[in-house]
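Naming follows writing order (A, B, C, D, E and F), and every chain is counted from residue 1.
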Amino acid sequence: MKEVKAIIRTTNFEAVKKALDEKGYVSMTVTEVKGRGKQKGITQQWRGAEYVVDMIPKTKIEMVVKDEEVKDVVDTICSVAKTGQIGDGKIFITAVEDAIRVRTGEHGEESL
Amino acid sequence: MKEVKAIIRTTNFEAVKKALDEKGYVSMTVTEVKGRGKQKGITQQWRGAEYVVDMIPKTKIEMVVKDEEVKDVVDTICSVAKTGQIGDGKIFITAVEDAIRVRTGEHGEESL
Amino acid sequence: MKEVKAIIRTTNFEAVKKALDEKGYVSMTVTEVKGRGKQKGITQQWRGAEYVVDMIPKTKIEMVVKDEEVKDVVDTICSVAKTGQIGDGKIFITAVEDAIRVRTGEHGEESL
Amino acid sequence: MALAAILLALLASPALAADPSGDITIEENPNAALDFAWVLICGFLVMFMQAGFAMLETGFTRSKNAANIMMKNMMDFSIGALAYWAVGFAVMYGTTEIIAEVMGWGGFFLAGEAYDVSTIESWFFQMVFAATAATIVSGAVAERCKFSTYLIISALITAVIYPLYGHWVWGGGFLSEMGALDFAGSGVVHALGGWVALAGALLLGPRIGKYQRDGKPNAIPGHSITLGTLGVFILWFGWYGFNCGSTLVGDALRVSIIAANTTLAAAAAMAVAMFITWAWHGKPDVGMAGNGAIAGLVAITAGCAWVTPSASVLIGIIAGFLVVFSVWLMDWKLHIDDPVGAISVHGVNGAWGLLALGIFADGTYGGVAGLLHGGSDFFVAQVFSVVVNFTWAFGLGLIIFFILKKTIGIRVEATDEIAGLDLSEHGMTAYPNFIHSETGRGD
Amino acid sequence: MALAAILLALLASPALAADPSGDITIEENPNAALDFAWVLICGFLVMFMQAGFAMLETGFTRSKNAANIMMKNMMDFSIGALAYWAVGFAVMYGTTEIIAEVMGWGGFFLAGEAYDVSTIESWFFQMVFAATAATIVSGAVAERCKFSTYLIISALITAVIYPLYGHWVWGGGFLSEMGALDFAGSGVVHALGGWVALAGALLLGPRIGKYQRDGKPNAIPGHSITLGTLGVFILWFGWYGFNCGSTLVGDALRVSIIAANTTLAAAAAMAVAMFITWAWHGKPDVGMAGNGAIAGLVAITAGCAWVTPSASVLIGIIAGFLVVFSVWLMDWKLHIDDPVGAISVHGVNGAWGLLALGIFADGTYGGVAGLLHGGSDFFVAQVFSVVVNFTWAFGLGLIIFFILKKTIGIRVEATDEIAGLDLSEHGMTAYPNFIHSETGRGD
Amino acid sequence: MALAAILLALLASPALAADPSGDITIEENPNAALDFAWVLICGFLVMFMQAGFAMLETGFTRSKNAANIMMKNMMDFSIGALAYWAVGFAVMYGTTEIIAEVMGWGGFFLAGEAYDVSTIESWFFQMVFAATAATIVSGAVAERCKFSTYLIISALITAVIYPLYGHWVWGGGFLSEMGALDFAGSGVVHALGGWVALAGALLLGPRIGKYQRDGKPNAIPGHSITLGTLGVFILWFGWYGFNCGSTLVGDALRVSIIAANTTLAAAAAMAVAMFITWAWHGKPDVGMAGNGAIAGLVAITAGCAWVTPSASVLIGIIAGFLVVFSVWLMDWKLHIDDPVGAISVHGVNGAWGLLALGIFADGTYGGVAGLLHGGSDFFVAQVFSVVVNFTWAFGLGLIIFFILKKTIGIRVEATDEIAGLDLSEHGMTAYPNFIHSETGRGD
């Protein structure tokens, strides 16, 4: 099992969710985060003065999937979350040693 | 060391925290997340119309513990967070390579 | 690649960010979390009664960096985030198997 | 259906109206113009107190119940206005002589003779008072009371509980014949509401998580101090209408002293409540300061027209002590869970207001003199009034809540309470665009 | 620059003022003192409705557009007051006889003869009404309308659309000559604003995400039920100024009945809207209860002085049905996206208010009698008034929005809409210290 | 203890009251009824401005200080009312002739002769003004001033600073003898509060994080634009009481022009402030529009009774420029950190209001004519008044803040400031059910 952790534009989240849904990847956990990377912040204003906000709100999706599903999930996210402009986000893959379904106590892949 | 990442019902969090506490597992980091899995959303209403909210608020607990503690922690969480109904949540286990206590600079298990 | 996950005092975040910035570690994802560890909570009051809040707001920084950068990142964070008092936080290191830049589809270290 | 029939009957009924245009009234009394303007404007301010109660109450409770509290506060005004129109006013001020010492009769639905500008002016001002009495209960039963049950309570308060007691004091009933007074309603409105609230909180039991196994109370902080404080300010603002409008005429110049007394009592009570918490816990408590202000307002309401500014400050100081002590007593000793402090603020200080009037009235206005100025009979009447007020409101409150508990139920399911009444009672959340958190309370 | 020139000219112009000090007026009519006090205080309350609209509207929409909605609500009052000062009042009430049936002329910039205490008293009360009409549109076009365009719409409503129709009904124009009446503006203010809003919502199209591919509407819940409900209470409070102040004099005692009717219609409509949603969806709906209250207030506005309290309850009950049905119709059948329900509340119920007056006026005040009391001619006049009102406001609204659409554009870019108008139009977020979330809506 | 003794003494003291019942007053002057009604209602509105200040101020600052700001705004009214009752009123309007040019004497604690309906009517209206002056300071010292120190400042402003200057202008002191005027308090209330605020902000120094090493200011956005805007609306609403009530009688019909002028100046200033930011930064700024409205209100306050509507628009336009420019100056050049713009809004525009009155008064009311209408002496008196006002308020403010700084301290610890004053001063958080975030500010 792998954890696919994708940090994407908040405004793309609904589309990504729908695309994953259509491919059968329903389960996910989502966190509202802030981040920065190449994107060096956006300019805002407050009572007549401008300032740069460098931590930009992003949405983080965490999905634990079977090893063989990783590529498809990553591709699906990329295809929908990509605008081609700086700030589209990153996806990180890590190994998951075990998964447990609280409701049933099942372990391993069948619990996903 | 392992990270135990549990996504549970927000309404069960206090009970889980207390149960872990009583067994001596005090340290944890908690994040308010939204998620979906088997649970297909709940119906809400707004100005006379119904709609389905499919991303349901959940609470994510992250605990880094010693390898030998994993089973006990998982069992404790499961026993308290289980209602038997869809939406009880998941627990994921991943390996942690190192841990550092910022205050002292200690490394490894003694820093937990 | 490693993920450096640091949970620090919210009030130290700006300083940590700046210190990392100056060393060239710009990319990060930040989450507002609550946590507890050795720090056993703070006392607050409400309408004339005192009570203990044991889950204290903290800021979680997630940075995926090259293996060789881990030590420097950890040291930088520790040096700035350390006040020497209980509650300074923890840093956890985990292995990351792959990273993908959504905008370009690049994989691996160059995508960081 | 029944309602529709009644409405049709009312529309069809021959006009027996007294003076619906106001032409006769203004002719007989040209001063009525200012009287009406004064009483109505003050009534508008009192109506606006509904917003104050809503904000205070929601600010002092958790975000998961915020929509439910909004709904209760909207609906108790709606139901209250309708119930007072249909029944309440008629049994409070109806002029048909049946048992005038106990209740009035006449003017149901503001029809017939009651279709008269003066009668309806009086109805309006009384209606906003009745709704205030009803809404007080909302705070004490917050975060666990069933919404449907709450609607019934609101209707009963405005149709029966408030009007009958009100009749006894303001409608020529037995308390007024005994000489008991209550200028703007410390007892009629606030203590009455507070004691019904006490009955409700008692029978509902504490919120889940309020008490630890050993009986030590947990604090359950409110979700928005800004909205709560806004509520305090709105209530204070509206209270000028409440107290000053209770002159019922536009040319009682004593009203300036009423306004000053209202301000000073609230200011003193707020300061005292704050300083007590500061001395006690080391830090001045924002929520208790807000409670203090309202406690002072409640306490001065009965006597505002009859005491001096200095006495008002003293009344306020004592109100400040009372509210802090009473909140502590409810929480730590009596284990009655009153999320916003409604019982301490309205009940305890409403009773104190009646007594304070009996003590401090200085005889310079309308000849009303309290204990300190030789009016011991009057003081005794006030004490009696406090007892009747408590017995009636708390007793009837107990009976009603008890019957409801045994029939339709008064409390939501435990799981619904934990999930929040917004979701369980209304299928919604009050702040869907924000990330919530209830974690973090030690126990 | 042009403005500066005008202002300088105005400052330099010889004073032709009628009675700028008020000395003559008060001498001639000592009652004017109370009249002024009454109308001004009521006008202040109406002005405060701006806060109510702002809160209701922002509470019922998403947090990413909250600052934009604040800005629109502030600026429509600003622009509205200035436009009504410069032009609107002059074409509504100007006394130069040119084509008095269609429009007034005179008193631009409140200069010359208009520099008179009575004229300006009237200006003030009318100005707050004009701004109300303008602000109604804001809700229906929320979350997608360009800010610059919105300013132009506001100016046009207060300078032209409202004043002209207002002249026809209140300024001696052809509708008033036909006998059509509208006591406080169900038609002149609310339906007018509502129909312009309808035109705007139609030409703007629905918000992104409002409709699924199959045409099924998504609910887009508002971000703060507490602020939204506060808005309802503020509006209700201000409405007493709206309706009661429309006596325009201080000694019309009928005003107590106006206040009662206003209350009862709102209370009844709110209760009915709540019970319908309860019966329909199993849970009482908080947002719809709020909409219901405002619908009742709108519906009673035209007739509040001329109907009985019982009729007011009936008018409110029907308003409750109408608003629920109309919101459903807009959402599910007509696919017109009206984020806060402005069209249903102000348009539909404003029209209903005009009709209800034509039906229920009971003849006890000013001899105004509706259909049920023998006034069939009057009823016909009211029907005609409804038609003129709709044609004028919706027609002109369509034309204006269409021209703006083809020229400067009326809608923000899709990406800007998704990011939120706060960021795209004002470079800010309304709540920078909170973590937001819009995730979670199923579709 | 001391207080208790005083109160007991007051309760025991023989009644020397003038006319506590009002019977004599109304007999001598039947118009007093309307006067009282008018002044009191307007006073209620002014009191409600406290809610406006609280909302504006908290909306424009960070969530971690929201409860502290609520507390300050509640307590300055509480302390202010008590201080003005005990001392302030007596030194402002006391009639004992000692040094009448400089200060009054008499009526402490509203006891003795001051126990009179007219005196207390005057006290009430003045008290809400005094509290307004006090609360202005709160905004400029927000997010870093110690709470205990703030209480002392509030007491000093309402007991000494405001009453003495107020005596000079409104109580028969030397400025009024020189012919200086200030209708409703651009100088007496606003500039005075603003200049004390300036002294406070100066001696406190900027908030941590406000300035970068190179002196470039960081923006620190407020946490709730919706509450901030609500504050603007409430203030605007309350301002009608402020300006119109300052007629002090109910039959000055000029009041309609006062209401119109108040509206137009605010509307113009808001529009101008918005358009400047739009031209400057490319986007219309919501916060600055709000500041602009208040700036216009402040600027018209001195002259509202004596200028024309057109002049009011001009005064507002200039106020709009002034506020934007002054905020920039404070932030970028003077490096004075004023979180909500109180100095620019109340100080700068208060002074401008005094001057504007000296320039534009048109002579149609009370014979007051400014520079443009031949009143050059009057203009000089106004200039002098501006200077005295600044010297007194800023000078005394500096002295007081300096002494406090050297004794009990005026600023919280750096760690407490970073953690937020809610936690450090009051042991609480304002929004415990929401996840907060302050991350994200570039520097």
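Heads up, the rule we're going with is that contacts are C-beta pairs under 8 Å (C-beta built on N, C-alpha and C of every residue); 3 or more make two chains touch, one makes a residue touch a chain.
Owing to the predicted nature of the structure, the values given are computational and were not obtained by experimental measurement.
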If contact pairs are compared by residue number, which of A-E, B-D or B-E agrees with C-D in over half of them? B-E
Roughly how far is chain C from chain F, going centre to centre by Cα mean, in whole Å? 45
Could you work out how far the Cα centre of chain C sits from that of chain E, in whole Å? 51
For chain E paired with chain F, centre-to-centre distance based on mean C-alpha positions, whole Å: 32
If a residue has to touch 2 or more other chains to count, which residues of chain A qualify? 17, 30-32, 34, 44-46, 50, 55, 94-95
Of all residues in chain D, the ones touching two or more other chains: 34, 37, 41, 221-222, 224, 230, 281, 283, 285, 287, 426-429, 431, 434-441
Counting only chain pairs that touch, give me the topology of the graph as line, ring, star, complete or other. other
Okay, what are all the chain pairs that touch? A-B, A-C, A-E, A-F, B-C, B-D, B-E, C-D, C-F, D-E, D-F, E-F
Going by the contact rule at the top, pick out the chain B residues touching chain E in the complex. 34, 41, 44-56
Which stretch or stretches of chain B touch chain D in the complex? 10-11, 13-14, 17-18, 30, 32, 42-46, 50, 57, 59
Under the definition above, what is the set of chain E residues touching chain A in their complex? 209, 415, 418-419, 423, 426-429, 435-439, 441, 443
Sites on chain E touched by chain F in the complex: 7, 10-11, 15, 17, 20-22, 25-26, 30, 32-34, 36-37, 40-41, 43-44, 47-48, 50-51, 54-55, 58, 66-68, 70-71, 73-75, 77-82, 85, 109-111, 115, 117-118, 120-121, 123-124, 127, 147, 224, 227, 230, 422, 425-435
Chain A touches which residues of chain F in the complex? 60, 217-222, 276-277, 280-281, 283, 285, 287-288, 291, 324, 327-328, 331, 341, 437, 439-442
